[in-house]
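First chain written, first letter: the chains are A, B and C, and each begins at residue 1.
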């Protein structure tokens, strides 16, 4: 099952917890694991707090300091998004989460988020694969 | 199956390999995969060498240099742990490991560890989900 | 199923997408998930673009700037590869990828790669575990 996410900024965290829980609920699977995988080399999937959305902004600032957007990257001669690729490779395109009672098992402060690293884009694809226990 | 880990420092790596192997052994599953997931937004799960525990200290020093504990983070105005959240999001709350003969398939130098990033805490929850092949 | 990869440099990204797809094809599994796990504490598995191999070189430069190869690490007194361990722990030894029609579900620009962080080595082991849906 693949769904699509739109981003409106160059970099942005987009909460997809509810979308994935809806797909889980429709699947009828009550217990197992759920793999959430984005099909792009300049986006990623992370889990963290979204109750204070400033955490997402702090997160982007911090990774941009650790991995600068511009640093004479070789790939920037072809396509100006080397830093987006590097950050996506470090963060990884997927998370695998336990499932109980037909829902993602997440802590109180955990949300599932797509990290847009080279937006805005209208067509970020996310695959949800559910494995029954 | 959820178990609890206590930490005694602000930042610390805690080896949970034996705990997870015991849960695996009790499950009776011989072959498949095992997802280890911590239910917190300021802790993470990593795999690395623990034979020389200095590697864990070097690891914490290095991530604290790459992502400083203090950097005028917005979230620090509310709760002084923005850096803990950022590091947890980068490291990710889980690992998925193959299972053979009822045990985690790990290399000689690989241990499974909880990374405490905002301790000390007495109640770090870790979910273990085992999927039979 | 374990296969072996040889590296020829100290640090290097090695594309293993075709090897894993061949193992998947031979398994006969058409739908599910595939866990690719390297059994080492100084190597990692990542997913990113390999059409322009300069991205791999930019990636290595960027992580070497964020996590320097030398920084008075404690573990370097015993074995000169603390930085390799630290990078491996951050990048993680595995990826879990959806499977459809007997192949890895990857985006157009996504390749599966072993990251050698302490080479050259002739014997990097990669375990492939396939779980049927």
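Note that a contact is a pair of C-beta atoms (placed from the backbone, for glycine too) under 8 Å apart; a residue touches a chain by one contact, two chains touch by 3 or more.
Computed from a predicted model, the values in this text were never measured in an experiment.
Asks: What's the rotation, in steps of 5°, that superposes chain A's Cα atoms on chain C?
Replies: 120
Asks: With over half of the numbers shared counting as same, classify the chain B/chain C interface as same or different.
Replies: different
Asks: So what's the Cα centroid distance for chain B and chain C, whole Å?
Replies: Here the centre of chain C sits 20 Å away from the centre of chain B.
Asks: By residue number and range, which residues of chain B touch two or more other chains?
Replies: 66, 90, 92, 96, 131
Asks: Under the definition above, what is the set of chain C residues touching chain A in their complex?
Replies: Within the complex, chain C touches chain A at residues 32-33, 46-49, 52, 54-55, 57-59, 61-63, 65-66, 90-92, 95-99, 105-107, 109-110, 131, 133.
Asks: Which of the residues in chain B end up touching chain A in this complex?
Replies: Listed in rising order, the residues are 35, 37-42, 66-67, 71, 73-75, 78-79, 82-83, 85-86, 88-90, 92-94, 96, 125, 127, 129-132.
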